[in-house]
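The following block contains the structure, expressed as structure tokens.
Order of writing sets the labels: A, B and C. Residues in every chain begin at 1.
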Amino acid sequence: MDQFNQALINGIMLGGFYAVMVLGFSIIWGVMGVINLAHGELLMVGAYLTWMLNKGWGWEPFAAIIIVAPAMFALGYGLQYVLINRIIERPPLISLLVTFSLSIIIANVVKLIYTATPRSVNTMFDGFWRLGNITIPVTKSVVLVAALLIMAMLHLFLQKTRLGKSIRAAAQNREAARIVGIEINHVYAITFAICVALTGVAGMLISPTQAVFPFMGPPLTLKAFAITALSGLGSIPGALMGGMMLGLVEIFIATYVPGIGTNLGIVASFVILVVVLVTRPQGLFGGLKPVEQAH
Amino acid sequence: MNTPHGQSPLLEGRQVSKNFGGLAALSNVDFAVYPGEVMGLIGPNGSGKTTLFDCLSRVQEVSAGQIFFKGSEITHKKPYQVAHMGLARTFQVIRVYRKLTVWENMLLSPQWGKITPSQLFKPTSEAIKARARELIGFLLLDHVMDLKAGNLSGGQRRLLEIGMALMPDPDLILLDEATSGVNPTLIEEIKDRIRTLNQQQHKTFLLIEHNIHFISDLCSRVFVLNYGEKLAEGTPAELMENEEVIEAYFGA
Amino acid sequence: MGRWTLLLVLLFLLALPLPKFVGPNPKMISNALLFSMTQMFMLITLASNWNLIGGFTGYVDFGHAVFFGLGAYGTGVMMAKAGWPFAPALVIGALVAVIFALLIGSATLRLKGPYFSIAMLGTFVAMREIVRVAKPLTGGGSGLTLPPYLNRPLFYYITLVMAILVIWFIWWLRGTQFGASLIAIREDEVGAEMRGINTTLHKIVAFSLAAFSTGVVGGLWAYQNTFIDPDVVFFESRTVEMVMMTMLGGLGTVAGPVIGAALIYWLRDVVWANFLQFHLIVQGLLLIAIVLFLPEGLMGTLGDRSSTSLGRLWGRYMNASPQTPQEAQP
């Protein structure tokens, strides 16, 4: 029973991170129709920024948000301006190829600068809480709380602000949004920048809990894709549910299947992804856009 | 071209229903096309005509009901399987291979049911080429034979799609809005071609049409759908006088 | 005997005596060059295989290197663990790749467009982890060492013959009804299915053929390299290379992947050989440039003499009269 409870708690903590990690990916997809395969790499850049601040100036990783968020926002705005702008509203494979290339470029630039050595980030929120026989790492619970806070703020932003409403309108109907006077290119640029900032912050959140290295991206991108298949595009409650599902599946496999460890988490998410897509092309809870062949 | 009662239907739908989520696109439609006739399928926009076509040609699964072609059940067959049995169709949104030439488009639509595995790994046979040449002539596409399908006019693309449907020498051809976006001269040509195929080669046609003259000139029998249900069935003349049909079309 | 067959035979005859000139004299051909050529033949084969599913059938496979890895591990495990000789081990490697292609393809090939691409990328990453975890069989992260065998000319000949065979095979397939149907599926799958093409079967056959040939290359590579581990075999960049070479040359053309592979290999070997740490960065930038500015590839751009300016120029250069596509083969 303790083992079960422990797995449940661990799964929820991991799931909270997954939920906040997937949002940038799923909103970009929903609003701009771009499947951003460089998602994991952008997250990795956020994690590296945190590591630099932590190592170089002794910053607390969670305080790095004041640098990471604006820096990543600027990076996202620049990327959108130079590259992503050219692939919006083009066939999905073009955007796949371009963002796939982008992911390789980012990973290798980071490797060139910082080498492939895994880095670790120290935090003062270490140690454990004990609840009976269950141990809860303080860092991970802080990550969970921060993730929930960020999601709540994002939700308020999308529901209450003018800009947020424009973003939602653009996601639902590009042409209509254009007609009612929303400047769609501006919305795209802001959306991409916000999502990259969000992704960078997710990288910041994960940095104290795992090794930071240039090639940590691809599995995260794939998990983001799997969660999006579960949750639908751009939905915050959906992301929370999908993230929790994947987190729980991963932890329970690692707990109950002997001799495997968490490496097979990626296999689990892949199996979920393929099964969901094959049996329900609209995503588990609907909302994934079916891909119509160009003709 | 009398209503061929007593004959068994070529294509038959029994109690066909189709739901999209909670929305019933078709409910319990009973439907039959008899060999040798040209039948019309009409109804206001959104009445379920194309959905019925998609179900009959197996592009979409039915939610309930059964479909029979040439007496055998095809409810769960794949589109290519019913194509092998002699059913061909065109699409409302034209589906030609846009990046290929007219000639290549035609060669890509041979009589698959008769292609053996050994032929599959040989170049296109002379017989197929001869048939393509003949149909291109028949459909007045000679002069655009080497143009890419994407560069043709809307009317020419409709003709090409009809040609591709005819390539396998099917017994039943479903035409989805063969005249939409086509200029009046070409409409007359299409009409003439359908008549020739029906009378000389005894091909059976089922047409979705909005052009009422086209329907009344060609069809011996017309089936009217409204809100996914059968509204009426009869000769074009009868339906012109049917209050319900007029109401459905012009009323609301 | 078509123009193509003639060209292939000519190339083959030209390449055949190369190993005879290997010698110590620096002006002669070095073993390093022979090795280099072997690598290039492998890349040509890989790009051509990828083109079969990505270019002809239109299913852009982002995980095709999984079959390379399976071929390599199938061969490697049989040699290192079971002590088999190379040839039968290679057969096993290729079979593993094909069987896996049949299994995974019957699920993933139902997905359309980007969903297929991502599912295959997932397959690739998942397989790397599975191989890493399956320690008793694969040696896990520490890899497998194969019995060393240094015979550059032999590998040169094998890969040369393989590349020629694959190019010829794809050229031949392109002219058959089967090959034409793959194009139909690429252009409009729903239409193709409605016109009588068993699209599922066609896709799976094309996918498995490509996987088979890629598995063979993987096995050869493993033997030549004598050491395999998950990271060196399941290397993301390998798929990127296949995609990039094919796209540079021209998707869905027979010559495209050959030209693309030769060109990129040459660039890598000659132009940026001294900056290898930038290699993957340059590769990524190049792929973006190709996708954005040359989406039809060299063959496609030069071949289409009616609608691209580069193609018009090329057409004027090749023959004064505008194109007359009389011999329109499907």
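We adopt the following convention: a contact is a pair of C-beta atoms (placed from the backbone, for glycine too) under 8 Å apart; a residue touches a chain by one contact, two chains touch by 3 or more.
From a predicted model like this one, the values you see are computed outputs, not experimental measurements.
Innermost chain of the displayed assembly, by C-alpha centre distance to the whole-protein C-alpha centre, is C.
Highest C-beta contact pair count among chain pairs: A-C.
Relative to subunit A, the chain whose mean Cα position lies farthest away is B.
Put simply, the C-alpha centre of subunit B and that of subunit C have 42 angstrom between them. Averaged Cα coordinates give subunit A a centre that lies 33 Å from the centre of subunit C. Between subunit A and subunit B, the centres computed from C-alpha atoms are 48 Å apart.
Residue positions of subunit B with contacts to 2 or more other chains are 95, 98. Contact of a single residue of subunit C with at least two other chains is seen at positions 187-188, 190-191.
Touching two or more other chains at once are residues 295 of subunit A. By the touch rule above, subunit B contacts subunit C in their complex via residues 57, 59, 78-80, 83-84, 88-89, 91, 95-101, 103-104, 107-113, 115, 119-124, 146, 164-165, 167-168. Those residues of subunit C whose C-beta lies close enough to touch subunit A in the complex are 60, 62, 107-108, 110-115, 117-119, 121-123, 125-126, 129-130, 132-133, 187-191, 236-237, 240, 243, 247, 277-278, 280-281, 283-285, 287-288, 291-292, 295.
Listing the residues of subunit C that touch subunit B in their complex gives 173, 175-178, 180-181, 183-184, 187-188, 190-199, 325-326, 328-330.
Across the complex, subunit A meets subunit C through its residues 35, 37, 83, 86-87, 92-94, 96-98, 100-102, 104-105, 107-109, 112, 218-219, 222, 225-226, 260-261, 263-264, 266-267, 269-271, 273-274, 277-278, 281, 290-291, 293, 295.
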